[in-house]
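First chain A sits with chain B, and in the next complex the same chain sits with chain C.
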Partner chain A sequence: MHGRQACNSTEHFSRRNFLQGVTGGALGMAGFSGMVQAESAKKLISQQKQVVVFWLSGGMSQLESWDPKPGTDYGGPFQAIPTSVPGVHISELLPHTAKQMHHLALVRGINIRENNHSKGSIFMQTGHKETPGFQYPYLGSAFSEQLNPAESPLPGYVCIGRGGSPKEAAFLGPRNVPLTLAEGKPPQNLVAPKGLSPEADRKRREFRSKLSKRFSLGRRSAETEIYNASYDQAAALMTQKDIFDFSKISKEDVARYGKGDFARNCLIARQMVESGITFTKVTHTNYDSHSENFNFHLEQLGEFDRPFATFMSDLADHGLLEHTLVICMCEFGRTPKINPRMGRDHWGTAWSIALGGCGIKGGAVVGKTNANGTKVIDREVDGGHLFHTYYRAVGLDPSEPFYHNGRPFEKANPKANPLTEILS
Partner chain B sequence: MNSRLLCALVLLSLTFCLQTIAPAEGPPAPPLPEMSAHPAIDFAKGDAARQQKLVQKLTTDASKATAAVTAVNQEIAAATKSKSESQKSIQTATASIKKSQQAIKTTQAKIAQKKKELQAAKKQLEQASAKVKQSSATAKKAEELLKETEKKLTDSENKTDDLKQAVEKAKSELKKTQNTANKSQEGLKTAETKLAALTKELQLAETKLKSTTTALATSEIQKKKSEAALKLADSSLKQLPKKAKPLTDTKKLADTKLLQASTKLTRIQEKLTLFAATRPAATPQNIRLTQTFKHNRPMISCRFDDSGDYIFSGAMDNSLHRWDLIDSTKTTLDGHKSWIRRFDFSPDGKSLITGAYEGQLIWWQTLANSPSPQKTIKAHHGYVRAVAISPDGSLLATGGNDNLVKIWSTTDGSLVKELAGHERHVYNVAFHPNGQHIVSGDLMGVLKIWEVGSWNNVRDLNAGVLTKYDTTFRADCGGFRGMDFGQEGKLLAVAGISAVSNAFAGIGVPTVVLFDWATGKQLQVMTPPGNTRGTCWSVRFHPTGRFLAGAGSASPGGIWFWKIDEAKPFFSFKTTSAAYDVDFHPDGLRLAVSLYDKTVRVYDIGPKLPSEKKKPVAKKK
Partner chain C sequence: MSLGVSHSVLADDSAPVEAPKPTSQAPEKRVSFFPQIDKLIAAGTADYEKLASPLADDSEFLRRITLDLTGMIPTTAQTRKFLADSNPEKRAQIIDQLLNSPEYARHMQRRFDVLMMRRLASKTVPPADWQAYLRQSFAENKPWNQLVQEIMEADGSDPKTRARARFYLDRAGDVNLITQDIGRVFLGADLECAQCHDHPEIDDFKMNDYYGISSFLIRSFVYTDKKKKTKPVIAEKAEGETKFEDIFEIRDKVSKGPRTIGMTIFGGEPLEEPTFKKGEEYVVAPKKDNSVRPVPKFSRRALLGKALTSPKNRRFARTSANRLWALMMGRGLIHPLQDDHSENPPSHPELLDLLTDQLVAMNFDIKAYLREIALSQTYQRTSRRTEQNTAADDSTFTHALLKPLHPAQFAWAVVQATGEADTQRISLKDKLTEDALNKRLAGYENKFVALFGGQPGSPPEEFLATIDQALFLSNDSMVMSLTTKKKGNLVDRLLLLPADNPAAIADELFVSVLTRKPTADEVQDVSGFLKDLKPAEKTAAFQELVWALVTSLEFRFNH
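Up next, the complex of A and B:
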C-alpha cells in the first residue's frame, strides 16, 4: 500500500494528517443516514434469519449440563432433573433452562478428537479442523457475510463479552469482523465529538470521501476498499447508535434476567436480535475447571442458567425464535473421570451442545453416550456435521463454497452431513 | 560463625533429634490431662479382647475350611481309586469276554461237527438196523428151511444122502445166516454205542456253550458296570477340582486371615506390654501403614468413632461406609442421593448424623448391624457442606450452599434457627468445645462466630489468606476445607488453599491458619515445606493439642505435621494420592486418611514395637 509514490506524494502527506484527525470520530458516507428508517428495519428483520451463539469459553462439562449421569462412576454429586420435554433430563444446575427445553435440541454425541482449547475452538467455530497456513472464517463472520443484507447499515456480527477477534473474518473482509461490546458497553466513539455540528460533520465526510476517491484513482486495491469500507461502516454504525443504547432496558427485565455481567449481556443480546443484528455471540467464561469442577460449575451455571432461559423464553414469546437460531456451545466438554483436584479435564471425545430456534426441532435429542459418558455409542458427529446443521437451519446451502483468490473453500466439510434428526 | 548462633543451632538440632514431641520452646504448652493410665492402653485392651475374639472365630473358620478341603480331597481320592479299579475291572472283563467269545466259537464249531457226526451215526444205525432186520429174516428163513429139511428127513422113510445133505446144507446155511445176523447185531450195537457217545458229546458241548454264553453275558455286564463307574469317576475327577478350588481358596484366605489376625493379636499384646512399661507418645516420624480399606470410588471424608472400633468414610458415591478396625467388615449406610463430605457423632456415640450434597441430613444408629435412616430432613438448598453436633449433643449446626448456617434439634430434627450473614457458600462449621459458640466459615475466608442461645454473630475472624479472586479466570478460589478446635478450644485451625495463581488449575499452596480463640489473633500461617502446590483439605489437632495434622493434595498428596508455634511442619509424609480428610484415633496413636485412590488408610504413629524394630535377617546367598 505504501509504495514510494504514495509515501512521497502530497496526497499521502495530506492523508496522514487527515488520518490523525480521524481517531476522534469516524466519518461515513452521507447516504446511510437516510437509509435506516423504522419500516425498512422492520422489513429487514422480518425477512432475515438471525443467529445467536452462546460461547461458554473453557469447555463446559456435559456431565454438569446437557448429559448428566448421576450415580455412575464419574457422575459427580449433582442430580438430573426432568425438563419441559418428557423423557429428557438435564443437570440440576440448569433448573430454569430445563423449563425451556421444548425450545432446545440436544446433540449428545460429539467427538471432535481434539482436547486443545485453540484447536477445539477453531473446529467448533469454523466447522473445520485447524488447517496450517489457512484460516476458515468463523461462524459469525460467515453468517454475517451470507445473511446480513448488503444494504443493511447494521454490523453483521456483534460479540458481547470477552473475545471477538478480527481474525474470525479470515478472508471475508472487515464488514464481517465482529464488533465487540466489551463489559457490556456500546462501541466507543458512536457519538460525534462535542462541538462538531451535523453540518460540519457532513462536510468533513464529503471531503474525506473526495480525497479517498482521488487517491484511489490509479491505486485502487483491496486494501483501499477495506480502508474506505471501514469508514463507511463506522459512519453507518453511528447512525445506528440507538441499538446500542442499553439504558432502554427496563428495570423489570433486569430483575427477570438477574444480576451479573452475563445477565446483562443476555439482555444486550436480546436487544441485538430485536434490532436486527444478524449474528450475535455472547461469551461466558470460565468453564475450564481442571480444579474444583463442581464448585466452579455451580458458580458459572448459576450465572448462566436464568439469563439464558429468560433469553430463550423472551425470544419465543416475542416471535423472534422462529427466525433466530440459538446455539449454546464451547470448544469441548470435560473428562468423565474426576481428577485428584476435584476437577475435570479437557474432553473432546464424548460431549454435548444445545441449540434451538430457527430450523431446529425443539425437544429433540440426537446422539447418545454410554453409561459412564466415556464414549459416544450412537450418532457420533463433529464440528463438520454441526456446521451443516447450522447452515440448513437458517436456510443456507453449505455445499456452496467460499471463494478466496479464485479458489473455492467449502463452507462445511463435504464429508459430513446435517443432523436431520433435529432439523424441523 | 557467631558462638551464640552456633549454640542456638545445636539446641534446635537436639530438639528435632528427640523421638517424642517436646514441649514447644515458645509459649508454654498446656499440661497433659491427668491420667492414671494412658487412654491408649484402654483402647489397646479393648482391641486385644476384640482381636482375640476374632482369632477364635477365624480359627473356627479355618478349621471348617480345612475340613471342607479335606472332604473334597477325600472325594477326589475315592474317585481316583474308583477309576483305577474300574479300569482294572474293565481290563479283566474285556479279557474274559474275549476268552468266552473264543470258547463259544470253538464250542459252536465242535457242536456243528458233532451234529454232523451224529447225523452220520444215525444213518449208520439205520443201515445197521436194516442189516440186522435183513439178516434176521434170512436167518429165520434158513431156520425155517432147516426145519423143513429136517422134517423132510424125519418124514422121509428113505433118509437119503440128498436129504441128509440138504439138512446139513440147511444147517450150514443157518449157521451162516446166524453168523451174519450176529455180525449185523454187533454192527447195530456198535452204531448204537457210537450214536450214544456222540449224543453225549453233543450234549456236553451244548452245555458248555450255554455256560460260556452265560459267562460272556456276565463279563459284559461287569464291563458295562465298570465303564459306568469309570465314567462317574472321570466326571467326579473333572468336577471335584472345580469344587475344590474355591474351597482351597477359602482355606488359603482363612489361613491368611487367621495368620494376620494372630500376628495382629501378637502385636497388640506386644503393644500392651510396651505401653505398660513406657508411657506411649505419638511420634509422627514413626508413621507406618497398618490397614488399608478399599472401595470403588475416591474417598472424600473419614472419622474414627469415639469407641475407636470403627472408621467411617464418605466417598464419591451416595453412601457412608463403616469399617470394623478389627475384622475389616464393611457396612454401607445407604440413604443419601449424593456425596457425604461431613458427618458427626453424638457425644454418647450412639447416633451419627450425615449431611450430603443433595441437601439432606440423615440420622443413623452408629453401631447398628445394618444401619438404616432413622430420620431424613431436607436441610439446605444445594450442598450440605458441614455438620457439627454440639458437645452436649442437643444441637446440630450445618452449613450449606444457600449461604446459611442452620441450627437443628438433634432430638426431633426441628429447625431451631437460621443464621444468615455469609455471602457465599458456607464450607465448614464447628462448635467450640465449651458449647457456647459456633464458628462457621465460607468461600471468602470469612469466619463468623455465633453465640449459642442468642444466635448473635458476636464477631468475625478474617482468614483472607485462604481465599483469592483470580483476575485471569474471574473466579473466587478458597473456602475452609477443614476446621478444628484444639487445646480445649484455645486454638482454632482452619485449612484450605492460599496464594492461588491459577484458580482453575488449583495451583496454590496448601495452608492452615491458626487462630487464638480468645483474642481472634492469627497466630500462624502454616504451609508445607518447599514448593508444595495443592490444597489442604483437612486439619485435625492431635488429642494432646501439641501438634496438628493437615492432609491434602500435593502431587500426589501428603500429611503434614505442625507444632502449634511453627509455620513449617516438623514432619511431612507423602501419601499415595490426594488426601481429602484426616482424623486421629481417640487413642492418639493412630490416624486415618481418606484418599483419591479409593482407599482409607490407617497409620500407626505410636512407638515402634520391638518386632517392628528388628531388622530382617539377610538371606544367605
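Up next, the complex of A and C:
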C-alpha cells in the first residue's frame, strides 16, 4: 500500500483500479455476451460510488451547528461565523468545517415528527417511519447491496465505533451486515493459523462446504444460509487484510487530525474510502444534551470539527470526493427552547443536516426555519426526501423497489421527492 | 446400558461423580400426557399425518436430547453405546438419565441465568453465587413457582441467601427495569410501552398492568449503610404510591391528571393492605442520617412472589408452560414468547391449555414436564423436511426446528467433539466430577459467550452469524489448539487407527463430532481427503477434517 506522503495524485487510490481488475476477470471468465458486458459496465460506473455517514448519536443541536440563531430568544451564547461560501453562516463552534463549506450543502428544513431516539434513528437511517413488525434496511446495508459489486471481496459496509448492528441489513442478508471495527481496531483473526497453507485452508473449507450442502437438503433456511455465508465472507476478508492495517497512518496525519477516538476514527474512515469500501459509518456519540447543552456542544464539536473538516479536505484534495457522498446526520435536532437545566431536549420538528461530495452542490442551502428556529418556513422535508436525495446523488433510482419473498419494498417513500436544489 | 441413573452422563462409566438424587416424582406414579401433545398438535393442521416428517433416527434423537437437556453433545462412547442398544425403551431411559445428571442442572442454570439476568454486568452480587443458587435449585428440581417466589422475596440481607437477590440488586433496584423484566420473563408481556402510555397496538397491555406490578416495588430501594460500608441490600419504606399519566392523553389534552393503582397482577383485584397509625408503620423506622435499614410492618414486595405465582394468575403458569415448551421445541406455542396477548393467539390453543393445566397439576415440576415433551412424537420428529412439508410453517410443528446452539452450548459441543473434554477427563483421573471438568473448560465457554453472547444486557434474540465469529472459528489460536494432538482427544484417536482404513477413520470422526455414522458418500469423501498422504502430513489432514466437521452447518445447529 502507499504511504501518505506519496498521495499527490489520484491514480493510486485503488478503487477504480481494483474494479477494473474485477471487471476484466469476472467478465472474461464468464464469457458474457457484448450486451451483458455493456450492462455490467454501466452498473459498475455507479458501483464506483462510495458513501460515508457521520452519525452523531444522541441528536446534535442545529442551533450550535448548521443553523445558528445568535441574538434570538433561544439562540444561546454562541455566535455565527462566515464560511468559505459567501452568505452562509454556521456556528462558531465549527471554525474548521466553515472553511470546507464549499464542499457541503445544508438542509435546514427537516421535520420528521418524531422525538424519540429509536424512532428518529430508524426514520433517518432507513428513510421510513418505524413500521411495526417490519424492518427496512438501513442506508449502509441498502447501499452495500446496490453499490458493492457482488464479486467484491471487500465488505460493503464498515462501521467505525459503536452502533453497527447486524439487524441493519434486515432482509438484505448477511452480505450487507455492517462489519464493526470496535474501538478502531481491525477485526481479529484475519490471518490463517500458523502452519496452515493456503492450499490446505482451501481444502478444509471445501470439505466443510460439501458437508454443509448435504445437510441443507431439506433443512435450508435463512439461518443456514447466513451461517455458510459468514465463512465465505471471512475467507474473502482474509485476502484483504491490508486495508485494516492502520499502522501505516503517518504521524503527520495523526497530528493534522488531532487527538481522540473520533479523530482516529476519521483517519480510519479515510483509509476505508481509499481502500474502496462502499459504505462507511463513523459514529460520534454523546450529543443528548438534556442539561448543560452549551458546555456539551463546546466539548463535542471541539472533538468533531477539526477531524471532520480535515477528512473533507483530504477527500477533496485526492479527488475522492467526486465519487464519495458524505452525510453528516443524527436522529433529530434539539429544542430551541432552553430548559431549566440549560439543556436542549429532543426535537424532530425543525432541524438540519449537512452533506457533500458526490452528486451534491457544494455551498448550497435548502430549507429555512423561522427567526427563533421553532418552525420550518420553507421547503420542509423528512427522512423520505433525504433518502431520495442520497439515492440520486450516487446515481441510483430509488423508484425501483427491493424484492423480498417476491414482495416489493420501496427504497424511498414514493410520496417524497429528492431535493433537486442541492443535487449537482 | 450400564450408566446408572445418577451418573454424570458425560463422564466415563467408571468415573466417580457427584450427582443429586432425583427428587422428581417417580414417573410411573403420574399419568403421562405426551400422547395428548401429539393429538393436539395434529389437530392444529389439516392433513397433519400426511405432512409430518417421520421420527428422527437414534443418532439425531440422541444428539438433540443431549443438547437440550445437558447443553453438550454426547461422548463418542455414549453415542456408540446408544446406537448399539436394542432395548425398545432406550429413548425413555436416556431422557431420565439426562434429566438426573449434574449436567442438566448446569445447563438449566445457564439458560435461566441468561433469561432472567440477560448477561447484565455484575454490580453487587457475584454471578457465580447466583449461578450456584440456580444450579442447586435445578439439581433439586425445586418447583419453578417456588424458585420464582424465592427470588421475588429476596432482599439480600441474609448472607446465606443473598445470591437470590441478584435479580433486584444487580438491576440497582430500578423499579421500571424490574417491572419490565418481570413482565417479559414471567408473564409473557413486553410492557415497555405501557410505562408511558397504553400500548398503541396491543389492547391487552395497559398502564394499569405495568403500574400494578410496579406498585409492589415502588416502596423498595437499595440501601447501603455508608458509614459501616455494608453490602447493598433491598430495603422498603412504609409509604409511596405509583403515579402515572398517559402521555398520549396529555398530548391530546384529555388527561384527568396522574393516576395510581394498588398491588395488582394483570387485571386482578388490587391486594388489600393494612393501615397503621402514624408513627407505628415500622418495625425499624428510618432515621434522618440514613444509619439504619428501615423495615416496615407491612412489606408490599414480600407479596409479589406469591401474587405472581398464585393459581389465580394463569398468565404465570401459561408463560412458564410456553417457555419450557420453547426451550425444547425451538418455538413457543405463543410466539414470540413475550407477546402473549389477544391479537397474537397461540398456534395450538388447546395444547397450551393442556400444558398449562398439567404444569400446575404437577406443581411446576420442571423435570417431569420436560420429560413429557421429550417423549412426544412431536419432539422426536426429524428436522429434515419432506416433500409434503417443504412449505409448512414452523408453527405447524410438522418437523423438528433447527435450534442454533447458544453460546455455551456451542462451546461445550466443540470441546466435546474435538475430544478436549476427553483429554481433561483422563487428566483429572479420580478427581473427575462434573464440577471439576467444568472448571477446567470454563475458559472456552467464556470466550464463546464473549463472541456469540451479544452485549451485556442484550443477548441476541435472533440467530446471527458474523464475520468476526467465522474468523474466530477459522483462525483463532484457542480454537486451533483444540485439534492439536493431545492424549485421548479426537486427533489422537484418529492417529491410532490404521491409515489404510479410511472407513474406520470416517466412523470415529463422524460419531465423535456429528453423533452419527458417516454415509457411504462421506466415507468416500474422507478417503479422498486422505489419499496419497505422506505419513508426516497425516496429523495436519486430521486436524483439517475435524475443523471441517466442527464448523459445518450440521454442527452449528441442534437439529
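Note that in this section the second predicted complex is superposed on the first by the 361 of 424 C-alpha atoms of A that agree within 3 Å, B and C clash if a C-alpha of one lies under 4 Å from a C-alpha of the other, contacts with A are read in each partner's own complex, and residues count from 1 in each chain.
Here is the rule we use: a contact is a pair of C-beta atoms (placed from the backbone, for glycine too) under 8 Å apart; a residue touches a chain by one contact, two chains touch by 3 or more.
Values in this document were obtained by computation on a predicted structure and should not be read as measured data.
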{"item": "Touched partner set for A:Arg208, first chain B, second chain C, both or neither", "value": "second"}
{"item": "Which of chain B and chain C A:Asn286 touches, first, second, both or neither", "value": "first"}
{"item": "First, second, both or neither for A:Pro132, with chain B first and chain C second", "value": "second"}
{"item": "Chain B versus chain C as contact partner of A:Pro86, first or second or both or neither", "value": "neither"}
{"item": "Chain A residues touched by each partner, larger count belonging to chain B or chain C", "value": "C"}
{"item": "Partner chain in contact with A:Pro198 - chain B first, chain C second, else both or neither", "value": "neither"}
{"item": "Which of chain B and chain C A:Glu299 touches, first, second, both or neither", "value": "first"}
{"item": "Contacts of A:Gly71 with chain B and chain C, given as first, second, both or neither", "value": "first"}
{"item": "Partner chain(s) touched by A:Arg341 [first = chain B, second = chain C, both, neither]", "value": "first"}
{"item": "Which of chain B and chain C A:Gly58 touches, first, second, both or neither", "value": "first"}
{"item": "Residues of chain C that touch chain A when the two form their complex", "value": "201, 383-386, 390, 402, 404, 462-472, 474-477, 480, 521-522, 525, 529, 540, 544-545, 547-549, 551-554, 556-557, 559"}
{"item": "Touch list for chain A against partner chain B, complex", "value": "58, 70-71, 73, 76-79, 285-286, 288-292, 295-296, 298-299, 338, 340-341, 343"}
{"item": "Chain A-facing residues of chain B, complex", "value": "296-298, 316-318, 337-339, 357-358, 382-383, 401, 425, 473-477, 479, 503-507, 534-535, 553, 556-557, 577-578, 596"}
{"item": "Residues on chain A engaged by chain C in the complex (per definition of touch)", "value": "132, 155, 166-167, 174, 177, 179, 187-193, 195-196, 200, 203-205, 207-208, 210-212, 214-219, 221, 223-224, 226-231, 233-235, 237-238"}
